[in-house]
Structures are given as structure tokens and as C-alpha cells.
Amino acid sequence: MTNPTEGISAVPDPEDGDYLREKCGVFGVYGHPDAAAFTALGLHALQHRGQEAAGIVSFDGHHFHSERRMGLVGDHFSKAAIIERLAGSAAIGHCRYATTGDTILRNVQPLYADLAGGGIAVCHNGNLTNALTLRRKLIRDGAICQSTSDTEIILHLVARSAGAHLVEKFIDALRQIEGAYSLVALSNKKLIGARDPLGIRPLVLGELDGTPILASETCALDIIGAKYVRDVENGEVVVISKDGIESHFPFSPRKPRPCIFEYIYFARPDSVVGGKSVYDVRKRMGQELATEQPAPSDVVVPVPDSGVPAAIGYSQASGIPFELGIIRNHYVGRTFIEPTQQIRALGVRLKHSVNRSQVAGKSVVLIDDSLVRGTTSARIVQMMREAGAREVHMRIASPPITHPDFYGIDTPERENLLAAKMTLEEMCGFIGADSLAFLSVDGIYRAMGHNRRDPAEPQYTDHCFTGDYPTPLTDVIAEERAQKLSLLAETG
Amino acid sequence: MTNPTEGISAVPDPEDGDYLREKCGVFGVYGHPDAAAFTALGLHALQHRGQEAAGIVSFDGHHFHSERRMGLVGDHFSKAAIIERLAGSAAIGHCRYATTGDTILRNVQPLYADLAGGGIAVCHNGNLTNALTLRRKLIRDGAICQSTSDTEIILHLVARSAGAHLVEKFIDALRQIEGAYSLVALSNKKLIGARDPLGIRPLVLGELDGTPILASETCALDIIGAKYVRDVENGEVVVISKDGIESHFPFSPRKPRPCIFEYIYFARPDSVVGGKSVYDVRKRMGQELATEQPAPSDVVVPVPDSGVPAAIGYSQASGIPFELGIIRNHYVGRTFIEPTQQIRALGVRLKHSVNRSQVAGKSVVLIDDSLVRGTTSARIVQMMREAGAREVHMRIASPPITHPDFYGIDTPERENLLAAKMTLEEMCGFIGADSLAFLSVDGIYRAMGHNRRDPAEPQYTDHCFTGDYPTPLTDVIAEERAQKLSLLAETG
Amino acid sequence: MTNPTEGISAVPDPEDGDYLREKCGVFGVYGHPDAAAFTALGLHALQHRGQEAAGIVSFDGHHFHSERRMGLVGDHFSKAAIIERLAGSAAIGHCRYATTGDTILRNVQPLYADLAGGGIAVCHNGNLTNALTLRRKLIRDGAICQSTSDTEIILHLVARSAGAHLVEKFIDALRQIEGAYSLVALSNKKLIGARDPLGIRPLVLGELDGTPILASETCALDIIGAKYVRDVENGEVVVISKDGIESHFPFSPRKPRPCIFEYIYFARPDSVVGGKSVYDVRKRMGQELATEQPAPSDVVVPVPDSGVPAAIGYSQASGIPFELGIIRNHYVGRTFIEPTQQIRALGVRLKHSVNRSQVAGKSVVLIDDSLVRGTTSARIVQMMREAGAREVHMRIASPPITHPDFYGIDTPERENLLAAKMTLEEMCGFIGADSLAFLSVDGIYRAMGHNRRDPAEPQYTDHCFTGDYPTPLTDVIAEERAQKLSLLAETG
Amino acid sequence: MTNPTEGISAVPDPEDGDYLREKCGVFGVYGHPDAAAFTALGLHALQHRGQEAAGIVSFDGHHFHSERRMGLVGDHFSKAAIIERLAGSAAIGHCRYATTGDTILRNVQPLYADLAGGGIAVCHNGNLTNALTLRRKLIRDGAICQSTSDTEIILHLVARSAGAHLVEKFIDALRQIEGAYSLVALSNKKLIGARDPLGIRPLVLGELDGTPILASETCALDIIGAKYVRDVENGEVVVISKDGIESHFPFSPRKPRPCIFEYIYFARPDSVVGGKSVYDVRKRMGQELATEQPAPSDVVVPVPDSGVPAAIGYSQASGIPFELGIIRNHYVGRTFIEPTQQIRALGVRLKHSVNRSQVAGKSVVLIDDSLVRGTTSARIVQMMREAGAREVHMRIASPPITHPDFYGIDTPERENLLAAKMTLEEMCGFIGADSLAFLSVDGIYRAMGHNRRDPAEPQYTDHCFTGDYPTPLTDVIAEERAQKLSLLAETG
């Protein structure tokens, strides 16, 4: 039932769509006595994918158990008492953050529902692009919905499916949803993993002494000493039960198109995504950047921590020494994740300080992984100057971000994306650097091991740089149409 | 979505029916700028009907606002900050307790759902006797249910109704439910009150300077200086909107049959229920008891606080002086409401002490309103003896309780009802008194102003004393049948 | 160390004297394996003496253990985990409330200090009238003081005493303090109880199967089934150790002069104070009141709960029936204890409601135990009138309070005492009654079993009614002198 | 007053000395309207010096205000409401951690005391080596002590001094204490900073638009844009008032001997301590290490984050590429600071993961700043091997730690220091590396810019490596003597 602590629209508010976006990590294990403890450790390793809340559901052969908490995984799920309550040899877990203030416990995953044949719990990483449209239809049909969760939509579709058994119902639901999803679900008999037809969000299959494991990234396998088996394929539904692992491919076959941002920013550097070391890719982006955009400087300084691998690559390719010219204060979180613009603004002063001895009197080339609003870069350049840097050259190890995301990344509205509204020169002026340059789109593809982007069949989901969205944006179109109608009505 | 913190059955557990019973207070106000503050005060006055949790939902013309908290009304809803968040001129509220440990915030009412035509919030006092049966059917039809709330069933029935507008949907839902209910619901246009066809649980209509108010008892009108208008009738649906108040009677007309236990125990003594002062009725029960069951004693001692009015009546009718022979410690709650048998057992030592000066060397007649498990009485009799009472005569101002309730009163299982398993003599031995006597069933009816109970058409719901349940017990029968089938299967 | 959470004066602020007043309950047990559990139960029985915070210190033969909490005893000390941490066969405890907002954990007793010979913990009920004067001297001598606790002064005096052993040091400290105190102290060898030279605050000695117990009131003995042995005498220091119980009388002998307010208001009705049943005394006050101040009425209505025994006495002496014309809401605390005038004002509406059926159309005589500011009485009279009472006569079972207390009772400043600033007629007008009358001072003494007050050697501490303070008010005089000097300086 | 929540010795326990050690950061500002906000920011920058608790005391010209909290500075002191309560233009603050479980709010600094002439608040970084001895004497003289704080001893000495005014009292107290201390104190007139005669712990004087500032490190000046003025000298007492800054040198002049560990581990790399950039010094330690202890490897891998600067130096001096072969999980704290050995053991798995792509098949030289117990190193070497490293060579950028600290660093007991009980070969075996080597003592001094350590007058406090303690260890000697006496008694 819906019991919001904050205002709920009497009529569903189309702007609530803003709430639906989230970025998360998922994990599942089937058939090990330490299922919940492994899940807790796995979520801890995936903590960079969502720090706001975490939850685990286990099944002990008779009952489901659920523990969900606001805060970091280690704040709660490091406690023996909580892990002991999560009895059973199968478990799934989720860590998340939301893009707005509306994060309350009832939105924390896994979500659970009783079905006629038994219960099911579901975790979701990604974002559906037709969730609002589906939600309106469900409510018209008498469903009672929580206001703001894609995952609940999936549960409703499963519950209402005429499918003969759970897997059929589950696939039936998948056929109705659009967008990006890596799902992990647990029933009283099965652990299910699923990836959307393009494989936009990551999901890997691992194994520990014969126990199958599903996780967003390989770093969650490493922490428990599990082996990487393979990536779940795009459009694949993996069903794990006591009878083993079976794969379903309910969609017509397509080439995969994983999100390029996992490589640039999201995944942990020690993870292997789609068979490629994330650290290696980032270093190569730095090397490509050094080749494409040299900067005659005394010292290569990374914006910590996200710019470090690219800066090492830049240093090695250019021969300019790598130095920690900016020290990060570890007692605050990651800028990109701070909930409000105001805290983001404050954030940099609280988070970074200049290591004056490496900067004063020098020409500095600053390396960062990406440029979003530009406010952080502007502050860092200013700090460099105040510390006495002679020149400050900013190099970004990815292309300009010109388009917002709708697949589970919390990007700002388009009007807040620096590269969507300014020329290169204007951006350089905005951040106050002596020069600014980005890696090219083809540079990114080269760093990934391709000759160049294939415009006919792009190898990655890269709409943030290109505007080329890989799925229809059903909700966005519906909203635009609704606004157009309402404008007509007003003028009419 | 269902996200229990404790074990959830993989397959719905029929024994969870135990969780569905609750005893609560409801309140609603429509069209006053202080709607939420009035609701908070009303719930405070109704606090005796449920101390475990409370919630208020308001509507401000555009949005619903919801605040729900574990604990007493005064713990949270006395704070200006919380009341201010509950903006709007319409509000409903609920206070509750649950009969088991499973009380968590998501069960706290009002429950809210988005419907196609807008939101609706519902509060419920009572218990449905076909909730499990309806729930099974809803889940088969693809509804996603919380496991343990009658009120959610009602919301699902409303949401799925084909009714043309909200009132029609609401009445459609009422036609499917059985048992006892006093409901208060709030939509974006209307405040609705409803009482079951027999009017088992109470609901009154009041008015403050033209603002209509709904409340479980008149004491909730008194606290805000509102006037009592009339009781909502059995089977009546009252719809309050800006156009005024209209009444619907969707059921075939029946005589009312309110629950006699409201008079004996539940309602506050200063409330007027069904036109009768509760205090007066209780005093008359004491007077009838003095006539039916005299006790040659030095002093009339009430078991505080529930036995006080009957003891005053007993003293006045018998001429034996009334004295506070037992002092209650106000810093602990009411015995009947303690959640576990173990705390109930401890409770009496912590809650009552003997006023030795009024008891030592005397023959005492102890007056209580009812006898349930008998453990409290046994301890009090023992305390009297330890304090030097010469004789202890126990008089109960209601008949022996032989049958459990299914309409919203938390009675123990039948095997724990003392009068269901012992003769009068055995009961007297169990509690250790020199004599024990109960008011007769007809004595109760006389205290209520009738000559006697009308066996053809009993004036009150009194199955706890008579076994005469006023509605079919659909869930109970379904469970018994299921158990019978399973026994057949085992033997087969 | 002093670590206030709120503003601390750079120079000690003489107005902080206001903070020093408190009203408390104390308890101690020596030589029983359940020492801490008994102390918790004892404090629960003494909860009416202070609801704001509670603490227990135990000694296990090697170490002291301490648990102190804000809130009711039952909120925290009912938990097995806390009691288990309080290991040992000796324990003392304290419940308290403060008269201002400055209640924080560091002020919660027992207070503990390491002395050269070992630790000592002290609990205090009462108020010193020279605490500020002593404190100034201690700070001049280099002591580091908490700002607002009498009890700390006592600890400093003990620590600085040149006495040869603990009891000598303790008595040395007592010789320096003035005012009212019932103390319970625990060292690594002894349990000590002490009462001031006049025995203003109560303290009794009990015994459970040979284990000695100290408590503020006998009700704390009753709850654990302990026997009352005797009152600790005025000016007596009781020292309990494994060698038995020894008594010291360090002061020149004086007649006892216990506080009359324990009988009128503070003590629990089932306690026996100074050999007299508190309930009996209160009933006799009601009987004396009926004789002195008859009221031709239909019904005697107590102001609950404090006025109930006097109302029973009034009813029995006058023959007018006793009825519960006011119902108290048990889910809020006691008016006299609410911390602010504003909440006190709100309090009555939240706490009491009229039982209309007993009041409408009748002449009512309202009985209360005392009249302080008069605001509660005014509201109750108004509620009676609104409920339709024909006449309202207020009778108070004690004399007018004209003087503030300095011995541990939280009385308002003199200008807020109704009887200090109004004539009887004005007071009657203020509360809006048809008539108002008080019990006389001699009436109180008669109810206590004396012919009258002995003006030469008054049997009780009764300055609130008479202005006859039994000890010098050293701090008050010092402050008045300081103000006078500062006025001289200003004019000079 | 002492009110421990855990066991307190009846007689002060000499082993409690273990509790007295702490490592902290201090900050003070005098004469700026944003004094408290600056202090909060300064403490945030000093967070690496103590993460367990923080506190600020301000003075507004009339009153002191105090806020102290468990947890990180940013958890509490980022809130406007808390900063607003800390009114005034002068403030001091402290962040701390304790070496044992006994961290409770009453131990959190600043500590405050009322003195005859007004209040004083004190913050302390360091550890006194005669605190227990002084404490025993104070208690013998009647002082009431908290059990476990050096800082309280200083306050008692100030309070008891016969000095004519505060500065005299303060210096009088300093003359009695031994060991290491950087103090910041605030009275109603003055801000005082003081460093022990050898200047073991750091303290700098800064300035922001004319406002003087005291801080443990320059990074706390940088965060608020303040300028570094100079280090407070060893043995200097700086007194800041509205009349300006004056310096006192109450001790006979000595050469400074700052703690070498500030450079190796404690200070933040962007701080300038004693005129030297900490980052530069660490890099030079890595360079010296590369020269002294080369390792023929494919890749230089730092143990993050503490080993990073030395690894960069090692890489630059050796020409072996620097790579992030270990990824740190930022969502857990710093190993050295975890409170128990057990969590320390778990810690590494939760905190570090191998970046397999940089390690598999390679010969790795691991660089860390120091080696304490060796358990972290052993786990990291094992992780390297499991990830497929061909060879693992461990290089430590400081000498073997053979002696515990008594000046404010939380070192384990000597028997837990790996280098105190094993040969180099045994240590190498213990951690499982192919080779292990340390920087020499003279190497450290070279990195600091000296030719070598001057054995006659060592330039730094370096007893952890050399056993050369710079002050008498009065408490340690007293304890050893007490144990010897007790052995004599046993044998006698």
C-alpha cells in the first residue's frame, strides 16, 4: 500500500517521472548456507553503485526473510544479528540511490509480493522507459501502485500474467517493459537473472564451489573469492534452480549494446565488464587523450579518484610525471552522488584540497573522466590557481555530454549539461582553464579496442555523447504529447 | 509492495489470520483549516482504543499528506512540525494496536492508494470475517497484497470495482466484505463514513461550527468542543462533500446489533454510545450485580481503573463503603493490551499495589468489569490476602466469557478463556477467592434498559457470552474445511 | 567535567540557582544477588517522585557499574540486558525530575566519584539551601564543578574531607550542608542512608529475608515483597555493611519536622509515611474539609487522581454521593510535573474530560488536594459549566499556598502562587466557581492526629502555608545581599 | 562527575593507563563572526587525526556554548542548526579517537570547567607520561576525577594553581605535566595555544584577514583559505586576546624534536609540517627506498592510500611503472584506526581488492609506509598471489617499529609489534613475500634533508624505531615499581 511521508498527488503527477531514475547494484546467490553473508559482502563491493540504502531477501525453504535499511551496506549488514535473521541458502540483494529527496524505506529493494503460487522478490538495476505508461494502465485496471518504482510495475505485470508458471509469467512481464534492466529475482524455487535485449546494464554469472552467483560486476565475485563464469547475455533470462542453470532467450536476437558509461565512470576499476578490464580501458582512454590532446606541462594531476587511471595513462603516454596535486578528503562521499546542487557546490571545498608543493609555479595538466555540469572543474581550476599554478590545462577522458540518460544514470536535465549549451571555448571560459579538450567519440571506441564507432550498428549505448537513444522513449513521448494537447487546449 | 521484516510464508499461511484482528479508533473531519490538529486531538481522546501506533492523512486540495508513527498519539502528533506537514482542510486518522508482535510501520493506517480517478485513504475499526477468502481470490487474480491487513483488501476491492465513480466503487467493495467495520475514508473530493449492516463497531457523526466530523466515540468530539449530532446507523454510508452530507443504505434493512463489549469495557466512561452514557451503564451493571450477587463485606474495592464505575454502583446499591484498596501505577499501560502472556503476568505486580490500610483485617468485595484468562484476578486476590484481607469475594460485572471474538476484539484463543474450560467453582478455586459470582446475561440487558435479552432478535452482539455469532464466519469455516481435507489426505 | 550542551555562564550565574531544585526518589539494597532488579522495581514504585530520568549504580565486589537513562524506569530498566550489566549484590538507584529544560544525562543520578580509598556513588532527594554558597567556595579552592547539582557539592565535600575513613568523611560533609536531604550512598564496602536533622524528606528502612533496604517510601518495599522495619530518623546516618547495621547521630538532637506536603500530595496513597497511612490521612483531610466547609450539592466529584481520597472522605462525611464526574486520560503525565506553563495550559484539555452524565443539571462540589497557580482549577470549573453543571463549588483539602519551597519541591515563584497574591474572593473569581474554600492549617494538623499546630514547635515543615521556614535560607540571603550591593554600586 | 557506563574500578586500576592514549586534531579561532563554522571546517580537514568524535566550544562574550558528538565532523557539524547554537567570535574544537572501546560522550573534548575567574575549555593532542601519577595525587588531595582523560588532569592543575591570573595558572599546570601535548584553550578573554618543550606534536599559527588561528596542521588553514604564519615553537605558549598575540617560553630552551611519525603516516600529504611538504618527504622516502632497496619488478603497486606518495617516488627513482594494483573500497575507514584486532583482520578483505589486470603474471613491488603488526601486509601479499602475481616484493618506506609510543600514537603493545619479535627473515616469512626490506633510519633522515641522524641530539622523536624516548616515562616506571613491590611481597 502506498503511504508516502511526503505529498502525494491526488492525480498521478507526470513530473514524478523524475523520481523513477536510479542507479543500483544487484546480487544473488543460490544454494549456499552463507547466502545472506555473501550477499552482504557482494553488496559492499558494489557500494559504489548506490550508497543510499540496501536490502537483502533470503528464502529458507519455507519462509522469506527481508531486511532493508537506509545507509551503507556496512552500517547494517556487517552485524551478525541481521545476517542471522536472513536464514536460508538463497538470497538476493540490492544497493541503491535515488535522484531526489524522496528516498524512504518503502522504496528500498528487494521488493516482495505474494503470488498465487508463492512469493517473489525482485531487485532491479536500470530504468524502464515506459514505466509511467504501464503504471497508468495498471491503475486503470484496478492495481494499487506505489507511486515511484519501476520495480513495482514489473511485479504487477508478473502477478497479472496469465502464464502457466513463474518463469512464463516473468518472461511475459519482460515482454511488456522497455528500457534498461538487469534483474535478479528470487522465488520459493528459483533464482532468476535477466538482462534487457541490448544488455545496457551489466550482469555477470559467477560460481563459488559449485554455487551459482549473479552480480552487477565481477568485483562482487572477487570479494568472496568466487570465480567469474561469463556475462549474462543481452536479452537472456537465466533460471537457476536445484536442477541447474537454464537459459531463455525470449526476444529476437540483437547485437549487444552495453552502456559506455560503465567503462568511463560507473564500474569499479578492478571489475572486468564485457571481458575488458575497466582499469585498462580507462588508462587507454588517458593514452588516447594524450595522443589526441597533448598539453605541454610539468605535471599530470588527476582529479581524484575518478581521474586517476586516465591520468596514469596520460602520464605514461606523454612522459610528463604523474603527481597527486589534489588530495581527496575521504570522509565525504562522491560528488556525482550528492543529492542537491547546493551540497554539490559546497562539496568540492570539503572534498578536495590542493597539494600546493606539486602545483605552485608549475604548468599543470588536470585529468578527469568526464565533465557534467562543470562546477566541480571550475572550482578545482580555481583552487589550482590560488595555489600558484602557472598554467592549468584541463583534459577530459571522454567526449562532451550533450544528452541526458533515461536508462538508470542520474544525469541532470539537459539545460544543466555544460556541453549541451556551450561551445568548447565557452566551456573553457566557464571552468577558467588555459585550455580544455575532450577525448573524441572515436577515441573512446579505440580505447575499447575498436577502430571506430560503427554508425550503422553502434557497439555501445552512447546517447549521452551522440543523442542516439537505443530504445523508444515511450514515457517521454507520451508526456510531450500530453503537454502539446494541454497547450492546444489553452490556446483553443 | 510487501516488504516484511520478519518471516513471510512462501505460500500464504492460513494461521496468519491471527494477525488480522485489531481494535482501533477512527476519526475524520471535512472542511476546517485545523483539520489535522483536530484529528490529532480526536485520536488522543480515542487512545484507549489502540496505543501501538497512529496515523493521519490530510488532503490540501491538490496533494495528500501522510504521517504515521509507532507509539502514542501524544508522542508524535503533539508536535507543531508534524501537524504543519499535514496541510489541508480535510483529514482522517487512526490509532491501533495489533494482537501480535507483527506491528511495523507499514501496517499502520490510514492506508492509501492511487486510483485511476485520484487517491483514497482508508481507516478501519473492526474485523472482516471473510478477509482471507477474499485475499486468496485477489491474489489469484493478480493483485499484489500485503500479508496481514483487512483494510488493504477493501482498498483492492475499491480499486478493482467497475463502479462509475468512487462512492459506487466503495459501496461495491462493502457488498463483498463480511464482519464488523466502521470505516472512515478520504478522497480528493469526499469524506466517507460507513458502518457494517449490524453496526457492530461504533461510529458517530458530530459537528463543530458547521464542520462535519466522524469519530468512533463521542469523547473525541468533546475534546475539541464539537457537538454530537447522531450515531451513524448500522448499514449506513455517509458521504460528506462540499455539497453537504448524503446517506446511502446499500444493504437490506436490519435491526442494529452493536457490540455489548463497548459498554462493558472498551468505550471511555464519558462517551455516549448508542444514546447511552457508558458510565451510567457500568454503574447500573454494578447495581444489578449487587442485587443479583450480594457479598457481606466491609468494603467495596474496585480493580482499577476498569472496575471503578461498577464498584461505585455496587457500593451505592449495597451501602458498603467504596474504598481505593488497590492503587494503580500510572506509569504502565493497561493489562488487557500488553502483547504477551508473560508481560501480562508480570504486569500486575508492576501495575497494582494494595492499599494495606483499607484491606488488612477486612472482608473485601472486589469488583471487576470482566474476567478473561483469570490470571490478573488470581494475582490480585493473592495480593489482598498477603495484605491481610480476612475474606475476598470477587464479583464480575458481566457474564462469563465463553467464546472468542472475530469482530475486532483481541480475545485469546478459546482454550485460554477461563470460563470456557472451568465451572464456576473451578474458576473460584483458580483465582483463590472466597466466592466468585458474575452478572447474568439478562442482568447486562437490564442494565442496558431492556427487560431481558430477546433470543429471537438479540439487541446486542454478545457472542462472547452466548456463542451467538451475528455473521457467517467464512474464513473460520474455510480453514476448518481445509484442515479436514488435509486430514483426509493424510489418512487416505 | 562540565560539558553543557547549552549556554554556560563564563562567570557562574547566580540565577542558575533555579536549576538546583529537584524532587526525587531514592532506593538502595545491600547483599542480595538481585540487587539491581530490586532497585529497578523499587524505582518503578517511586516513579511518581520523578519521571524524567533514572539511574542505578551497582557494585560487584570489584567494580562499580552504572546505567543512567532519560525517561521512565520501565522504559529502560525493564530490560534484562540492562539489569544484567548491573552486576553485584549491592545497588542504589534514583529517579528524578528537574524544574527546567536543563535536564541532560550528565545530571542524572547516582553521581559517582573515585576517592583515594575507592569509589562512591550518591543519590539525593531534597534540596540544599547553601549549595551555591558552598559551590562558590569550592571553585575558589580549585574544585572543578558541574554547574547545577547539589549532589556534586556533597561529593566534593566528601572527597576533600580530612576524615580518616569514608563514614567520617561523609559525616564531615553532612555537617557543612544545610537544607533537606535524604541520601543513599554506596561505597565498595558500605551502603549508607542519611536524613537531614529535621527529617524533612522521607526515608525508610526495610528488609527482605535479612537483606537491608533503603527507600523513599514504603510502596517501594511492597513491590518486592519486603517488610517495613522503621523510618530512618531525622538526623540519623545508617551505615550498612557485611558487619550489620549501625546508626550515627552526628547532630545535636532535635524534634522531627517532616514535610507536610508528602502527605498532601507527593507520597503514594498506599505508602505509610512516619507511621501514618497516606490514604487515611488524605481521606481524613476530606472529612475535616466536609466539616469545616460544607457545600450543599448533588454530587462530590474529585479532580483525578490527586483529589480522589479526599473526595471519598468528603462524600462519606457529608453523605453526598461520590461520582467520577471528570475522566482522566491516562496517556499523559501529571499536571504538576509538566515543564512549561504553556504545556501546563494545554495539559488540562488533553488530560481531563467531563463525564457529562454526572454533571449536567447538577450542583457539583469539586475536591482537589491543593491549589497552586489555579489555572487547572479554572479550566476544570469552566469544563463543568460547559457540561451543564448548575453550580460548581470548589473545596481544597489543604490550606492556601502562600510561600515557595526551597527543600526539593518544585513550586513556582511566589508571584505565580495564586494564594500569595489574591484574596479568597479574588481566587474564587479567578477560577470561576460559585464558592471556594480551603482546609485550615489546624484542620490539616487534626487530620494528622494532632489537636492543632504547635506554634512553638511545629510538628511539620509547613512553610508553604505559614512562611515558617525550618532552616536558614543561606543562598537566598546571599543572593539578596549581592543584589543589594549591586544596586548600591549602580546608585553610588 | 564520573558516571561510566561500563565497569569502574573501586580502586583506580593502573591498567586503565592504556585508555589514556589518544591521537587527535585541535583547532582554534579568535575574533571572527564565523568562528564556529571555521572550526567545523578545520576539524573536517583534520578528520584523519581522529574519526570517533568531535566537539566545539564557543564563547559569545557572555556565555560558553558546547556541542559534542560521536561520529565524523561532517555528520553533525555540517548542520546549520548546530553551528548557530555555537554563537560567538571565538571557538576551539577537537576531533579524536580512543584506543579502546571506552569511547563515550563524556570523554569527548573540548573539556570545560568553571574556575573562580570564569570558565575555561581545553583541547589536547598528545599524551602525558605522568598523568596517572598526577591523578593519584589529585585524588589524594580531594579532587573528583573522570577516570580516563589526561586533559582533565590539566584542568584540575589549572583550577588548583595559586597563579594570579589564568595564563599564570595555565603555565603553572604545564610545568607539572610531562610528555607530549599540543593544547588549545579558550577562556572568556583569551585563546591560548601551547606545545610541549620538545614540540613532539604539531601546532601551527595561521591568519585569515587578521584573525589568528591555531591548528594541528596547515591543511586546516587551507580549507578556509587562511594563510600559514608559522609553527608554534616547541615549549611556546601563545596567548591571543583582543590586545594581540604574545608569546611565553616558560621552559628552559631546548632544540625541537618533533615526532617523525607525523611525516611518515599521520599528517595529511598536503600539509606542511615544520616547513616541509609532507607529500614531498614521503616521495623522497620512496626514492631513498628505491636506492637502498631496489627490487627487479614489472610494476610498482602502492598499498592504498598511505603508500601512494612513496610508491610514486619509488617508481620515479627506479623507472618501474606505477600502477593501481590494489583498489581501495572507500566505504570503510582506515585500517590503523579500527578498534579491534578482529575487525582489523576482516578489514582488509572489506577494504582492498586486487586489480587483477595489473598483477596477474607480473613481478610486483608493493610499497607501504610502515609495518606494524604485519597482518594487513600478509593478507595483501596473499591477495596478490591469488590474483596470479609471479613475484611479490614488499618495500617499507620507514624502518622497523620495535618500540611502542607513549606520546599520543595508538601503537600496539610491544609483543604485537612484528619487528620487535622477529628477524627480517621471519617477518618476510610471516607476510609471505618473496623479499622484504625497510628504509634505514638514516634513510629517513636523508629524506628529511639531513645527512644522517645525530645520535647526540636527534633531530626527531623516533623512539618507535630506536627506543630513544625523549622524556621520562614516569607512569611506566611507577607501574613497574609497583609490580616489583608486589612481586617482592609475594616472594617475601
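For clarity, chains are labelled A, B, C and D in written order, and residue numbers in each chain start from 1.
Note that a contact is a pair of C-beta atoms (placed from the backbone, for glycine too) under 8 Å apart; a residue touches a chain by one contact, two chains touch by 3 or more.
Protein identities per chain, from UniProt: A, B, C, D = Amidophosphoribosyltransferase.
Everything numeric in this text was worked out from a predicted model, so none of it was measured.
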If a chain touches subunit A and subunit B alike, it appears here: none
Interchain centroid distance [CA atoms averaged], subunit A/subunit C, Å: 62
Chain centre separation (subunit B, subunit C; CA means) in Å: 39
Distance between the centres, which are taken as Cα means, of subunit D and subunit C, whole angstrom: 49
Contacts with 2+ other chains: residues of subunit A: none
Pairs of chains, among all present, that meet the touch criterion: A-B, A-D, B-C, C-D
Residue numbers on subunit B that touch subunit A, as the complex places them: 1-12, 55, 59, 62-68, 106, 108, 110-119, 139-147, 149, 152, 155-156, 159-161, 188
Subunit A - residues contacting subunit D, complex: 41, 44-45, 47-48, 51, 72-74, 219, 222-223, 225, 268-270, 272, 277, 279-280, 305, 308-309, 312, 316, 321-324, 327, 329-332, 334, 349-350, 353-358, 386
